[in-house]
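Below, each structure is written out as structure tokens.
Same chain, two partners: chain A is paired with chain B first, then with chain C.
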Partner chain A sequence: MNGSKSTTMIVAAVTAAMILLPLLHSGGSVSAVVNFLAPFVTTVAVLAVIAIGLNVQWGYTGIFNFGVVAFFMVGAFVAAIVTKQPADSEFVQYVGGFGDRLAFLPVLDSQEWLPFVFGVLAAALAAALLALLLALAALRLREDYLAITTIGVAEVLRRVTIEEAWLVNGTRGLTGIPRPFAGWFDAGVYKFVFLLLALAVLAVVYLLVERGISSPWGRVLRALREDEDVVAASGKNVFAFKVEGFVLGAALMGVGGAFYAFQQGTVSPETFTHFFGTFIIWAMLVLGGSGNNAGAIVGTYVIWGFWSITLQLQGFDLPVFVVDRISFFRDFLIGALIVVVLLARPQGLVPERARVSRWLERRVRELQQQGAKREATPVESAPRTAE
Partner chain B sequence: MTATAQSAAGAGAGQSDAILEVLHLTRAFGGVTAVNDCSFQVRRGTITGLIGPNGAGKTTAFNLISGFLKPTSGTVIFDGERIDGQPPHVIARKGLVRTFQIPRPLGAMTVLENLVLVSAGQEGERVWNVWFRPGRVGQREREIIDRALAVLEYVDLIHLRDEYAANLSGGQKKLLELARALMAEPRLILLDEPGAGVNRTLLRRLVGYIEELCFARGITMFIIEHDMDLVARLCNPVIVMSEGTRLTEGTPEEVRNNPAVLEAYLGGQYR
Partner chain C sequence: MSTGTVSSTVNVAPAGLRRLGDAAGSVALFVAIGAFVAWSALTHPSQLVVGLVVGSVLALGALGLTLIYGVLKFAHFAHGDAMMLAAYLAFFVLSGNLVGTRGTDVRLPWSFADLPGATTPIWRFSFGYGLVLAVLVAGAVAALLLLLVDRWVYRPLRQRRAGVAIFAIVSLGVAIAMRSLILMIWGPTPRFYVAGIRPTVQILGGPRVVTDQLFIIAMAVVLAAAVYVLLYRTTAGRAMRAMADNPDLARVSGINTEAVVRTTWIVSGGLIAVAGSLLALQSQLKPELGFLLLLPVFAAAILGGIGSPHGALLGGLVVGVVQEVAVSVGILSPGYKFAIAFVILILVILVRPRGLFGA
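So, the complex of A and B:
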């Protein structure tokens, strides 16, 4: 990653706080620390997938999506209604509920895994479809207008989920969302299983996106961010590449949303505020370093660390006026952190690398070695005159 | 305009002498008609100049030819094929490449990346090929990189290979524009003021490149330029535009001595 001292210090400070606070709180219990860290890291992994999605859109392609929450929410709700059983009470209404029907393979108790595979795929597909529609309608707009459009779409979708109670149960939201593989493990062990699952998904997403970006495809996206006219003058179909970047990023946000729903077990429209679903994700990316997937992960870790630390403070014996205001303090702290980091390091904690294509990287390294050899040879063979 | 004189040199079987033909091209912006019923030809294998006073519509004409603007009416024919109204990337891929008046480097990318980006037919531009057929992508990538390195050697920017394009000097950015155009394997390059803001030494080099690319490598050059000395040295023929349309055309000498051209530049008081 990046050898910068300030980045290491910030990450180390967050990690220390994540370990020390629950340790102090519980009076030195290691299991309390583990019980706190496991869901924390899980959430970081899930949100990092969304941050990487945004990085594809903004960090590489330069598309200003200020409606991240729309894709996040669509992913979460679609995954929920695909994996849940049909609604069976007059107080609960939602569409879908395919859980049983999707478990059609008699392999390894498919109820425990197959619906989730479909759930994640459907979430990615739904978010991608939303992005495609939005792209065809609005992606030709200048970036500031596009930002406003995406906010508008996100708000409309939020209102629809609230007002149309038949869709996803209105403000009461969906509860009891099943969890992948939950039946195979003890409840105590399961949170570590889910943690590993979330980390595995993050790893796959990270590798796919890194591969994608460190290629001619990624090069065109990064060029688009710099200057669309130059890309057009180079014979590339600007609109097609922008749609690809936007849709791929949105699909990843959908996947993140799906795992968020599985982790929480409950999602309601109230979860998906613009603050949590869009602003925080942007904060993670910008703080970590847009244009770098590792940066997106580091930023998610730091921001979510701050979020969790401040919530931990609630458990301590602090004056009432502090405890009452802790969630505001949290928002303030995150805002202040972004300001400080951006003033000190505008490129974020883990800045973008110079050359991106791995083939280019390889070739340049070859050339540098050749050049070094060529320069080294005459010096060695030259007679030493003075010493 | 009927001067479709068949010259023996360059014109192969069935190939017209003109690589670019502009017929009655018109573009209006609201009430202003920037290009107005303009017709001219660029002959294959020439360095053709396009001059005219400010506001004559030269850059608009370039934007119309290269597809960055859609004509209100009129026809553009490149190598026997109608291209007016087509999107810029389609036109560029046919081998009609433009540079920008003010160099536009992709600043956050290295010089080498700026070039490698341009090549056509990159399988690695499909993300599924990158994921599932990395071998083929790598092979093509290697070819393109070596071509880019050769172009960088040619324009003598090789020492800046790994520098961010944003850090280049003004003159080096001009060379980068030219190098990027060469990566597109063009048959016709539209150069918008290559000489603007360039010192004498670099200007001499640029002239050398343009002449060699045209006469040795057969890339037709169509150049907007304000520096009349440069035009006189480099271009033949010269097309003069004024008030959105073609005023006249001829050798630099003829154009310089044409009273109508003087009038267009100086505004009639010397009549």
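So, the complex of A and C:
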């Protein structure tokens, strides 16, 4: 089957299921479908930001991060403690809690948005700092050592959030995380506002990363992924570029984590398992096609769609035996999916386009046209793209 | 392997001096380990014993990991989950229990526990010969399972000459699939081979220990010896070492590399099953333990020098002892146990990436 055709079919099938299941479940109510789809698409947008972050690290720079959950979690917790009001009960303890104190602008209802700007920035910064520390210590390691190191960092940070109750309230986690612009809208309308906000963030992240990757800087990253020695031989500081790619990816994961915290309203160490925080994101990127931001988004959509479908199925009148196991079976399929995709279709649903630079392509076309004018015979097909 | 950097300075130290410095590093490392063990023996004897027990299990796990790494040249991220799956298989063969609906168990009409006298404790252990048989069966099934996974998953990647990273992601996928299988078949609640209080025994002039723990250490010693004999006294073992050394050279010398790969998976499968079952005997069966085991097992293998069998054994013991003793000193809460393995891992990777015995 043609690649793009099968991709379209898979996306269409997921979309159909996302519409039909709530429709059947509610007995044909359109509002039930909308109420189901809005948070679904919001989560896809948020997780896609994280998947793009991983794509910058793995897909473009070729850095092997098995500890995505560390940056995801740091982003979520930092955004939560920056935007929350100070702790007001003896049963809840956490550091930070700046809340309204950050809304120092007297105009434009700044408590509705200014703390969140700080929250997202702090989340990105914290994740980037963590990445910088890790990069300086471990980025020179060979791939498999780096992988186990990132798993270790993630596990240690998870332990810290569980054991140090003063930090982010231990296993009980943080609840009542405020949401941007929530005071301006009715609860019924707000979920669509947040959906638009999440989509806007995704769009900005997508465009920025696309811009960066097609720049000379991004070209070095992609060259690094293919062969570090060649890049080093052409006089680039390989380590500095790798650190930059790693830190940028981590910052995006932090941003994704921040919006995840805003969307959920609750974060606890139990949310950030290696499975949910790291493995699912890898599954999304691998399925969508690493080295391709559009692929990362498509992969996120399909995997999260699959995830939500199994959750929906639990609501139907199925045998208890099946309902008990459906989430484990889903995990099994996602694990198997990674294996099958990497064996049968390593390029993913949306393969990466081999492209050196747009400028070069344009230049080749111009030269071809000039040549055609001058000699009145078209030049034999010049290499339009190169590996 | 590329280092990825172009050094601007030329390394001017003469080779002899460098070798001397390296030897000094090895000596310092061994002395530090020896001193730590001696200190723990004096101040925390019972934690030292528990550490040696946990360390034996980690050593067997790391031994399997390091064999796979040596021969197949990839980091097997499904190792911990395979250990857990094998331990659950042993549980199943012994008890015949599967999870039914709503947390209740379904029991097969017959299992090893129904053999006459299979659950009567041997000597002062908590288990009978049924568990020993069950572990043997689990080892065979685990080896078969790993062979099938290799046949369908890793071999195509090998033939395609996929990168280290692809192998790692794929083995992580296999790990998740294995863990989900455990959850589907046996459910999320922890399980035990033998319920009730464990008998203990007094060591001469030492602390009181659980009798089963002596069995765990003894088994680890026996298995390590068996693997040693296999590697250094048999043709199959020589072929494995040759392939670990230089796969291309091994191939042109007429070694059937795919057969060596199969041997490696069978040996590792056995080690995985015994290590997993011993771990479950020491603590319990828990689906999520598998992934967490990756850290100490990798720490042990890397500390020993990845690819080195005796390094893996020593590394496992060191990681086990340091974990148990450090938690008991009281600065850290027990929740940080796996974090200690990680600290060891990081230190080794940063200071001495080739470990104790690495090439």
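The rule is short, and it goes like this: the second predicted complex is superposed on the first by the 349 of 387 C-alpha atoms of A that agree within 3 Å, B and C clash if a C-alpha of one lies under 4 Å from a C-alpha of the other, contacts with A are read in each partner's own complex, and residues count from 1 in each chain.
Basically, a contact is a pair of C-beta atoms (placed from the backbone, for glycine too) under 8 Å apart; a residue touches a chain by one contact, two chains touch by 3 or more.
Note that the coordinates shown come from a computational prediction; the quantities given were computed from them, not determined experimentally.
After overlaying the two complexes on the shared chain, residue contacts for A:L125 are found with neither chain B nor chain C. In the superposition on chain A, contact is made by A:L208 with chain B only, not with chain C. Looking at the shared chain after the overlay, A:S357 reaches chain B, while chain C stays out of its contact range. Contact with chain B, but none with chain C, is seen for A:A223 once the two complexes are overlaid on the shared chain.
By the document's definition of touching, neither partner reaches A:V11: not chain B, not chain C. When the two complexes are overlaid on their common chain A, residue A:V238 makes contact with chain B and with chain C alike. In the superposed model, A:L37 makes contact with neither chain B nor chain C.
Contacts of A:I19 after superposition on the shared chain: neither chain B nor chain C is touched.
Which of chain B and chain C touches more residues of chain A is settled by the count: it is C. With both structures placed on the common chain, the touch criterion links A:A182 to neither chain B nor chain C. Residue overlap on chain A between its contacts with chain B in one complex and with chain C in the other: 229, 232-233, 238.
Here chain A touches chain B in the complex through residues 208, 211-212, 215-217, 219-220, 222-223, 225-227, 229-238, 241, 244, 248, 291, 352, 354-357, 359-360, 363-364, 367, going by the rule given at the top.
Considering their complex, residues 58, 62, 64, 66, 137-138, 140-145, 147-149, 151-153, 155-156, 159, 162-163, 228-229, 232-233, 238-239, 242, 274-275, 279, 282-283, 286, 320-321, 324-325, 328-329, 331-332, 334-339, 342-343, 346 of chain A touch chain C. Against chain A, the residues of chain B that register as touching in their complex are 66-68, 87-90, 92-93, 97-100, 104, 106-110, 112-113, 116-118, 120, 122-127, 130-131, 134, 137-138, 141-142, 145-146, 149, 161-162, 164, 180, 183-184. Residues 1-6, 74-75, 77, 99-102, 153, 156-157, 162-166, 168-170, 172-181, 183-184, 187, 291-292, 294-295, 298, 302, 333, 335-336, 338-339, 342, 345-346, 349-350, 353 of chain C touch chain A in their complex.
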